[in-house]
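Each structure below appears as structure tokens.
In what comes next, subunit A is part of two complexes: it sits with subunit B in the first one and with subunit C in the second one.
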Partner chain A sequence: MKNILKTKELGIGAILLLVCIIITLINPVFLTADNLADVLKANAVLGILAVGMTLIIITGGIDVSVAAVTSAVAVAIGHLMLYLPDHPVSLVVVFAAAVFAGTLLGMINGFFIVKFSIPPIVVTLGTLSIISGALLFITNGNYMSGANFPEVFTAFSKYEIFGISILIYILLFFSLITWGILKYTVIGRSIYAFGGNSVSAVRVGISMKKVQYFIYGYMGFLAGIAAVTQTAYIRAVDPNGLLGFELTVIAAVVIGGASILGGNGSIAGTLLGTLLLGVMQNGLILARVDSYWQNLVTGTVIILAVSYDHLQKKRIDAQTAQIEVK
Partner chain B sequence: MKTKGMAFVVSLLLVLLLAACSTDSASEGGSSDGENVNETGELTIAVVPKLVGIPYFNASEAGAIKAGEELGVNVIYTGPTEADASQQVSVIEDLISRGVDVIAVAPNDSDSLTPVLERAREEGILVMDWDTPADPNVVDLSVNQIDDFEFGEAMIDKLVASMGTEAGEIALLTGGLSAANLNTWLDAVEEVVADKYPDLTIIQERIATNERQQEAYQITLDLLRANPELKGILAVSTPAPLGAAQAVQERDLQDSVSVVGSALPTDSGPFLEDGSLDAAILWNPEHLGYLTVYLAKELAAGNMPQNGDVIAGEIGPISVDGKKVIMGPPTNFVADNYQDYDF
Partner chain C sequence: MNHFLEMRHISKTFPGVKALHDVQLLIKPGEVHALIGENGAGKSTLMKILAGVLQPDDGAEIKLDGEAAAIEKPLDAAEKGISIIYQDLSLFPNLSVAENICIGKTFGRSLFSRVNWKTVRETAKKAMAEVGVKLDLNTPAERLSIAKQQMVAIARAIAFQSKLIVMDEPTSALSNTEIEMLYRIIENLKAQGIAIIFISHKLNELFKVADSFTVLRDGNYIGTYESSEINEDKLIALMVGRELVKEKYEKHPTGDSLLEVKCLSKRGNFKNVSFTLKSGEIVGITGLVGSGRTELVQAVFGLNPPDEGEIVLYGKPYKPVSAEKSVKLGIAYVPENRQREGVVLKQSLTNNMTITCLEKLKYRIGLIDFSQEKRLAEYYMESLDIRPRIPEMSAEQLSGGNQQKVVLAKWMAIHPRILIIDEPTNGIDVGAKSEIHRLLRNLAKEGMGIIMVSSELPEILNVSDRILVMRHGRIHGEFSAASATQEMIMSVAFKGKEDEKAESLQNA
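Right, the complex of A and B next:
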């Protein structure tokens, strides 16, 4: 059992390693600590959102409103910061407000999904349209420059521990928490059970409502965290900056081995999926690949990675089946 | 089970398609002001930008609306919420059914608009392009902000002047690889580099940033990492120079890497101040919006513009070559003058 768990992410990990080796051979700059830190920092937002999305996809659901929720929270805290004094407490206020607003928006998704049993994709598409429409109306798409943010926020965004940006620690921290939830808590095991077979899950006494409220609320919570991370990363608020980003988030989760039909998926896999996307973007520039070819290369690597991953899984499944027969 | 999975995937795709449509229709509610345009008897001019809700097109909207008020014509300023060709087609289809008199469009992709613009002409609607040229065969008038070659040359000259050397590596950032006007400027830049500055090396051809500041920022960080010898960045599309400048600022490379690009003065301010952006070169987008509506009205009255016309006392003198109108030379926005502009 332990071996299987270990090999589950092997396929995607192997491809990632291969890509890293090839890029390093072309341009050794890739394998410098600074560059790897760049990759992680640039993909912290993607990672945080993808981790939350993993829980939803494991249950067979989907949330296409994540990018819009993140943008909405970013705009909200951007405006909030114009009124906050330059004091460490302001940071706490920003985080609290972001998490509150995000969770609230996530709970609204959860409410419609649970209360009216509307398929998640329909509900979240609706909230996606509403939120992005409202955002465009309110902001008119104008950037907010970070020049007016409190000094303490700028300092926070540049803060490093052992030379590694705070944003990377945020990603690692919430990945670890989410991994813990999935592995060691009742709700975490319920998420897997629910995605594996919702009818049996209900029969053994798992509350469908509770699980769904939790995952969509938690997604909103992480979107709030992602909004702070995003604002810290670009030190500005761009209401259009994440338009269409939900597809990248879902891609990271699916590349990481989660099944869009539910029941399958892991935090480690999702992080590897996120890394693969991030490494590709960084690596193609480092390898000086012409823009015209970049999308083609990215697409090819993704298909290779996912095919290899699925082959690997099939082999493992075949082996386990054999053992059971014997 | 397999068919069920298939059905799910198909419905997923359908729903995503629906999402694409719904965002597009959401945008059209914004600036419509005349449901039954034919009954008013007034001239109705539709101005379609590449997308709504970015500062550049907000500024041109302000100019177009102002012209509408001053010249006594109806102006509908509407467009997609993303720089997407198919969404723009459906916006134009809606405008055709609403029976406007003139459609002026800034195409996201000129080829994909040709069929719908042909249909507009069959319906007796005058078709113009502005900001970015459409297929010349389907337009009655083409409003260009600038002479493309002159603009490209102005940008690369300014970049070389900021770098203080005519040798070294430079990178070209663009909003998108299929945007016709951006490509024309970069063609000009490449031509000037080949003729005038043979010692400059352009790395990696053109680098796309999807019209997003954040993407330009991220890509420039990677570029600076991969090319420690990089001396200059020339960025076209309005968000790209800001993202590039931000990356230069982040790495404290203001003194060794020059950035020049087409950006709006107010957005550029913070970057011009500390030298991370050396110069923003652009025309006045408000004037462009105004000029478009003015020429549309004249066109509907059967008047073609004349070489050397000055519009509203401050736009131009324009130059006219057949159907092609050029607004005038570009303006340099630098640390000393950006505060004089309010767009």
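Right, the complex of A and C next:
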């Protein structure tokens, strides 16, 4: 499996490199340190959510409520921050509250998926509707300015280590953790097993229920982290800012080589997929392409990436078959 | 000798059905024990009880190593040294060989415990060594042939430190050489004191491996026999509850030529294949799995367009490009994998049978005439004796033999002139088998031309009029059924490598 994943990731990496070269040729500004750091920072939220989505997609599930959950948590911490004093502990409180709220919402998804065996897409479509509806009702769609947030939060959002935004470190940190979970824990291997053959997984004694609670709960947890990151990035709360963003998240994972039918996927691939989307968007801006065209390009890339993947798989399958027939 | 496993007074009642009635099964350590019976005799129910998937009715007694044991869930069975290798092998296609072997036990039970990759690799390596096969431990299971996947499944059972391994139809997807290899592995396991329960419909192969037999019929325990004290005919009689007369089918005159295949080739599949099919004739094609039989008939049907060669259909040249076109011209194809390619499992029997001829069941405005559809379904259920006779039932609830009849009914509804059927009785029990054979003979008698691909020599010899033997994509022998013997066919199908070389030189 490693070999296939390696070639898969290598393929995405090559495309990424190619896109980078083309953009640099069109507009050399792309290759400046500032611009690259901006691209990373702008896509930290996408990356964090895509990392969580990777686990779900590996099991063959899906969560279309992530963007709504992230927005809901962002609104919650936005309101919370109005009452918090300007003290470092406030930061801890914000993170704790965000993670708690996110995990809770994720667990609600998990509960319906596990308890009533409802397909994940149906459950999360439901929660997506409920959460966005409730958000609209509560906020009236109103934007919350960051001017009233505690000073310490603003400082945090501007904080840099070696000239790199803290938001990028957050993404890297949680990517690393998630990679470790996938590679070095029983639950990580169970996630792959579940996606590969759920019937066999039950036969060897893997608890599907626990795995599903974990992945949807963890997705919620990361949505909490993403909510803090998003609020720090725009220094405001926009309840409609992430409308439809779940599709971009799923796109990043799929471009990263995960099979939407489950079984395959990796954190490295997902990060590359995220970068590819981010770089292309940045490139289109730098090339002064109308922003309306961006979705069109994204869609094309998804279809190309996935077709390439399937062709590759078909070729390998054909090879195996030939050997058997002779 | 003490028994490793003792199951006594096992009964299992499902709502409305008594699946098992006071059955017993005694297994000695290190023996190969064949569990046989027709489909529906209760073998799988009994194995599910052993695996902890089902619970027996009260009064059951299960002992392991002489001590009462409770097997309440699949984990209990695994922990007590019982491994089940299901027909589908239960592997994870996306995981590596090493992971497939170690998942479950070596990985640890707690979801948050750490995976020690070094232990995983070592355990997998050791288990594969015990199986006696070298495989790259990092290869994902989906890249392995079925035979190798099976070895991984056996290695998993070894890594679980099993003392009893249940193999459900382990040879159904293997070629003869691979089956030999499996037998060697089984000998090896026996030598280590591991007992094996072997479930198979192929009685002749059971006599090669099994030390003893337990026979079930209609959920009842019939008896346990040492392999030295019983033979195939007696076993069949015990299984079906009557002496099964080997039917001799009357050969009847054949008519016009329906199909002529001339020098058909397809790269990597088959080469220079020629044969003819007349109406009223059954042509049997046999050979080892992977000899190109299935690819050849799929080429004729249009699923696998050939590179070169000619086909003459009903006296006119024909290019097989799509299944749709072939069906229109009166060719029907019943694939080997009934469940995946033959029946729509979730659909009703009626829907399954009428799907080929909906065109004819339409009112003029394009809606389907349900009463006519129902009549047609009932007609075929009656004439093919499909049981139970409930047209609304979904196909997945039927036994293999009855599913196959449904597939046949579906094609008979369009009155094909040519029927291509691949492994017609794979996984079908003895009684239903002879019914299918009789059905095929009757269809031929009515003038249909039938091409039957089969690995089972008795079936090939008994049902066909003419026999073609394939090896490495070529037809290497043609026999008339009257004069052919199993030995003649086997020697052609198996010819050694030396002959092969000589032949290829001649051909060059």
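In this section, the second predicted complex is superposed on the first by the 284 of 326 C-alpha atoms of A that agree within 3 Å, B and C clash if a C-alpha of one lies under 4 Å from a C-alpha of the other, contacts with A are read in each partner's own complex, and residues count from 1 in each chain.
Everything that follows uses one rule, which is that contacts are C-beta pairs under 8 Å (C-beta built on N, C-alpha and C of every residue); 3 or more make two chains touch, one makes a residue touch a chain.
Please read all numbers here as calculations on a predicted model, not as lab measurements.
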*Of the two partner chains, subunit B (first) and subunit C (second), which one does A:263 touch, if any: first, second, both, or neither?*
second
*Of the two partner chains, subunit B (first) and subunit C (second), which one does A:121 touch, if any: first, second, both, or neither?*
first
*If you stack the two complexes on chain A, which partner ends up touching A:27: first (subunit B), second (subunit C), both, or neither?*
first
*When the two structures are overlaid on chain A, which partner does A:129 contact: first (subunit B), second (subunit C), both, or neither?*
first
*Touching A:201, do we find subunit B (first), subunit C (second), both, or neither?*
second
*Based on the superposed arrangement, let me know which partner A:248 touches: subunit B (first), subunit C (second), both, or neither?*
neither
*asked:* With both complexes superposed on chain A, which partner does A:211 reach: first (subunit B), second (subunit C), both or neither?
replied: second
*First (subunit B), second (subunit C), both or neither: which does A:185 touch?*
second
*asked:* For a test of understanding, state which residues of subunit A touch subunit C in their complex under the given definition.
replied: 1-4, 183-190, 192-193, 195-197, 199-207, 210-211, 214, 263-264, 316, 320, 322-326
*Which residues, counting only subunit C, touch subunit A once they are in their complex?*
74-75, 78, 84, 86, 88, 90-96, 99, 103-104, 107-115, 117, 138-140, 143, 145, 268-269, 290, 292, 295, 472-473
_Under the definition above, what is the set of subunit A residues touching subunit B in their complex?_
27, 29, 34-35, 38, 42, 62, 64, 121-122, 125, 128-129, 132-133, 136-137, 139-143, 145, 147, 234-236, 238-241, 243-244, 260-261, 281-282, 285-286, 288-292, 294
*Taking the complex as given, what residues does subunit B use to touch subunit A?*
5, 8-9, 12, 15-16, 18-19, 22-23, 26-27, 30, 52-55, 58, 81-82, 177, 203-208, 212-214, 217-219, 221-223, 225-226, 242, 246, 267, 270
